[in-house]
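One structure, as structure tokens, below. Some questions next.
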Amino acid sequence: MKIRSSSIFLIFVLLLMLFTAGVSLSFHYFEALLAPLLLSIAIFILAAIELRKELVSEDKTTQGVANTIPMGRVQDRTALRRFGMALGWMGGLILGIYILGFFLSILLFAFTYVKLRGRDWLRATIFAVSLTLILYLIFEMGLRSQLFRGLLFGA
Amino acid sequence: MKRVVAIVSLLILMSFLPMPIYGKEEPVKPAAFYSGKTIDFTLSEAPGGDMDLVGRLTGPYLKDHTGATPIFTNRRSAGGVEGYAYIYRAAPDGLTMGVGTTLPLILNRITEAPGAMYEPDKFGYICSFLRVRSMFIVAANGPYKTIADLKGAKKLVLGATSPQGNLALSTMSCIKLLDLDAKVITGTKGVGPLLQTILSGEIAGSCVPMQVALRGIRDGNYRALFTLSSERFSAIPAVPALTEIYSIGENEEKKELLTIWGKHLLMSHALITSPGVSKEKLDFLREIYPKLKNSPQFRKDIDRLFAFHVEDADILEGTEVEKSVKDAMSQAGKMKSIFLQLIKEYRL
Amino acid sequence: MVEALLQGTATVFHPTILIGIFIGTVFGIVIGIIPAIGAMVACSLFLPFVYRMPPDLALSFLVAITSVTVTGGSITSILLGIPGTVPNAATIIDGFPMAQKGEGGRAIGAAVASSMFGGIISVFFALGMIPVIRPIVLTFRAPEMSMVILMGLSFLAIIAAGSPIKGMISGLWGLLLALIGFQGLTGAYRFTFGSMFLSDGIDLIAVALGLFALAEMFDMIVSGKTTIAKRETKVRMRHVLQGVKDVYVHKWLWLRSSLIGYIIGVIPGIGGDVAMFIAYGHAKHTSKNSDKFGAGCVEGVIGPESADNACVAGDLLTTMVFGIPGGPVMAILLGGFLLVGVIPGPVMVKENLPLVFTLLIGIAVANAIAGIICILVAPQLIRVASIHIDYLFVVVPVVVFVGAFVTESDVLNLIVAILFGLLGFLMKKFDYSRAAFVLGFVLGELFEFYLSRSLKIFGLTFFLSPACLTMIVIIIGVFSYPWFKKIVSRKFLKGSKKV
């Protein structure tokens, strides 16, 4: 029986609901634990039904019932690689914001990403500087909202 | 490998360099220190609340007095605890300020609300704008017109916001003082929705801050039965103090409770700064007090905001606020056990 | 009353007030376009500047901002899949797919027109309701509120496209996550694990930004798409006007949705987010093309957008009549009232009725101005849908993270946004409804609060009040209406065949 990624997602949901149900039972007040407990149980049951449906329908496919054409292994790997890269860039941006603050990390992120995607130096620089400047004008000057300065330059 | 060790050692040595080279800084006068800088001004509630508006109103006066520009940020998580904790943890350079309502500041600490790791008496109190008292209110068109009506009722449901907040504790104290057959249901998000529930008859009443009650009383929506203190409030002299209309007798517990609310728990909207700020800077900041008190425009603005005339006696100097907070905290242990007992007994 | 109405109308069209409304409208649109800022931040920002102005001008300016931020927000929702304000999350469900199909102009035309007309018609509802609003609002206690929210929750099944089980999982999961944080009823902290950041629960704005905007970015990168719009279309004014025409074609949907939005605005404590999703659910439920919802159906834009602007008039009326804010935006507006020396409440309605009319009619004027401005600039704005992913992948996450930070002033909110971005991507990939999730999230805590409160105060028979029973009948009626209609038309067909 081949487990699809959607089934893995459901297994994650099941485990999460077990966890939340367990944590709910530790709340001191009955009124506090009732709703989360009931919801966790309800979601657990629904997720279990859906998982069973998926696994059973998967079995039927392997028994020769014509269905959709499965995605090729190469396409799977490409999608995973792209997803990993996107997550990496966003994670890197967050880390940069935490250490360097918003403006410097946005400037670096914008320039580096656009440049590595094959754009020329001028375009990448103009784009990065313009974006940072616009955000500075709107938030710092316009809205008087101080954006996070980062561990290195801020509080 | 050797090269790496050498570079790392060099870097470590270099990090000690600034100390002997630059030496100690010359002390700078506060006025010169603040000029041109930015004040990180924290508002420990959502935009639009009384404290938020008061804080923003003081902005131009702060800027005039110090030469520094306040930048306002709302940090309202955990009922404002986040904001107070932020100010408490800030560097003692006098550049972090905020508006704190002393009563929640004290109560959060006494009842050990999560995140309330600060000591209320260690903040630097600059001044306060308003001394707030609580009033017990009911719906004007409701069935309860006097204390006797409340006492005659069975299984009354009163309301409050947070179970450990000053509204809940003051309402529960009223139940105890008046021996009512009542419980308090908590959880309403804010005083506005709480007032709505009184108006719709969902709950019988509540003990609310006076400036909120006053607007509703003037509108004819609510009736104030008494102020939770031993003195009348000048803006609405027709409302008696609790002790005037009800005798608590010789019951020690009740006397203690009344002393707590009448004497120890002074609620004021105070301008605060982080602990450890130098005396020179704090004194400089406290010089704003007479400027605010004597500014006709500022007085007009806060009168408009609170919808009544704020008396001179209710605008306090920093030292007075500090003294009253210290006094309250000296009774912290006693208050904690009393309040926790009230919550256990009267929360619905 | 008529005299006060005439006086109020004359005040609105005074040049100074009109200029104030115009400037407020422009600010409102711009602020709505910037994600996560919203009317709340805008109004608190302008408060220190307006309180020295005459009350008419100051309040008209603030009301104008409040009335049109959601209109501005619909533009970012449709073109970029980023909810400009939280209520706009409902517009993304069909508005963004329309942009992807190259129908961005039509979607914006429909959104802006329905917002404009929804905002205008709600003013007429409000004007008509002034004498009777007080007893109506006072009817809504905890039991009635729990019925209203139950009605909202019952749309979970309708909103979820595809598998009902997956839809219920999404909705219930949203409900569960809404319970994180401090529970006012007991004082308990649930699922916070000692973190102060989680004590107020998870920020809805970060959830919406992550679930929709970041999720779409992940999706575009993974699938190798280069632009939002699948095909390059030269957008002309006629495409935008086609959307405006769609509102006329679906005028009954527009009217019903505006009424839904207005009524929910009147009831304190619920808010525009809920109104938009209920209106979306209603649009889908009553549409002949319900199977097309979620893939770019214009009715899925008209429904929520009509409701969102209609909410404001109801909310403002309740705030002015009671002096009690219906939600966080009105709380700031209430502060504005106090600062300029106007005390909202019954006294205001009695002694300052012309001002009440000025502000309500000001909403209509602001909506009209916003509609015209947005329609005129729409053809230029649509080009955003053709921006290459290389630039979009920088702009969208940056805007999302800045927006997420600004709402909570906490860097941890960025983590929330990206986690929900991941969740949103997986939900989209595995066909779980994000809309149902957000609806559950928005309503979860409210439902638990009002239900618990009803049980504690009124006991198990809390639903037996006349208002509750009426609402139960309405809920049953609304949901059984399509089946009833089918049965009747089948019987009618059978009858006509026999003849």
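In this document, chain identifiers A, B and C correspond to the written order of the chains, with residue numbering beginning at 1 in each.
Definition applied: a contact is a pair of C-beta atoms (placed from the backbone, for glycine too) under 8 Å apart; a residue touches a chain by one contact, two chains touch by 3 or more.
Small disclaimer: the values here were computed from a predicted structure and weren't measured.
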Chain closest to the middle [Cα centroid of all protein chains]: C
More C-beta contacts across A-C or across A-B? A-C
With chain centres set to the mean of the C-alpha atoms, which chain is at the far end from chain A? B
Provide the C-alpha centroid distance between chain B and chain C, rounded to the nearest whole angstrom. 34
Averaging C-alpha coordinates per chain, one finds the centres of chain A and chain C separated by a number of Å equal to 25
Find the geometric centre of each of chain A and chain B from their Cα atoms only, then give the gap between the two centres in Å, rounded to an integer. 40
For chain C, what residues touch not just one other chain but two or more? 41, 183, 185-186, 452
Quick one: which residues in chain A touch 2 or more of the other chains? 144-145
For chain B, jot down the residues that touch at least 2 other chains. 73
Can you list the chain B residues touching chain A in their complex? 38, 40, 71-73, 90-91
Could you please specify the touching residues of chain C with respect to chain B in the complex? 40-41, 43-44, 47-48, 51, 138-142, 182-187, 189, 192, 194, 196-197, 199-200, 268-269, 322-325, 328, 331-335, 338-341, 343, 345-347, 408-410, 449, 452-453, 456-457
Footprint of chain B on chain A - complex, ascending: 144-146, 155
Quick one: in the complex, what on chain A touches chain C? 5-6, 9, 13, 20, 23-24, 27-29, 31-32, 35-36, 39-40, 42-43, 46-47, 49-50, 53, 79, 82-83, 85-87, 89-91, 93-94, 97-98, 102, 106, 109-110, 113-114, 117-119, 127, 131, 135, 138-139, 143-145, 147-148
In the complex formed with chain C, which residues of chain B make contact? 46-49, 52-53, 56-57, 59-60, 73-79, 81-82, 85, 114-115, 157, 161-164, 185-190, 192-193, 195-197, 199-203, 215-216, 218-221, 301, 304-307, 343, 348
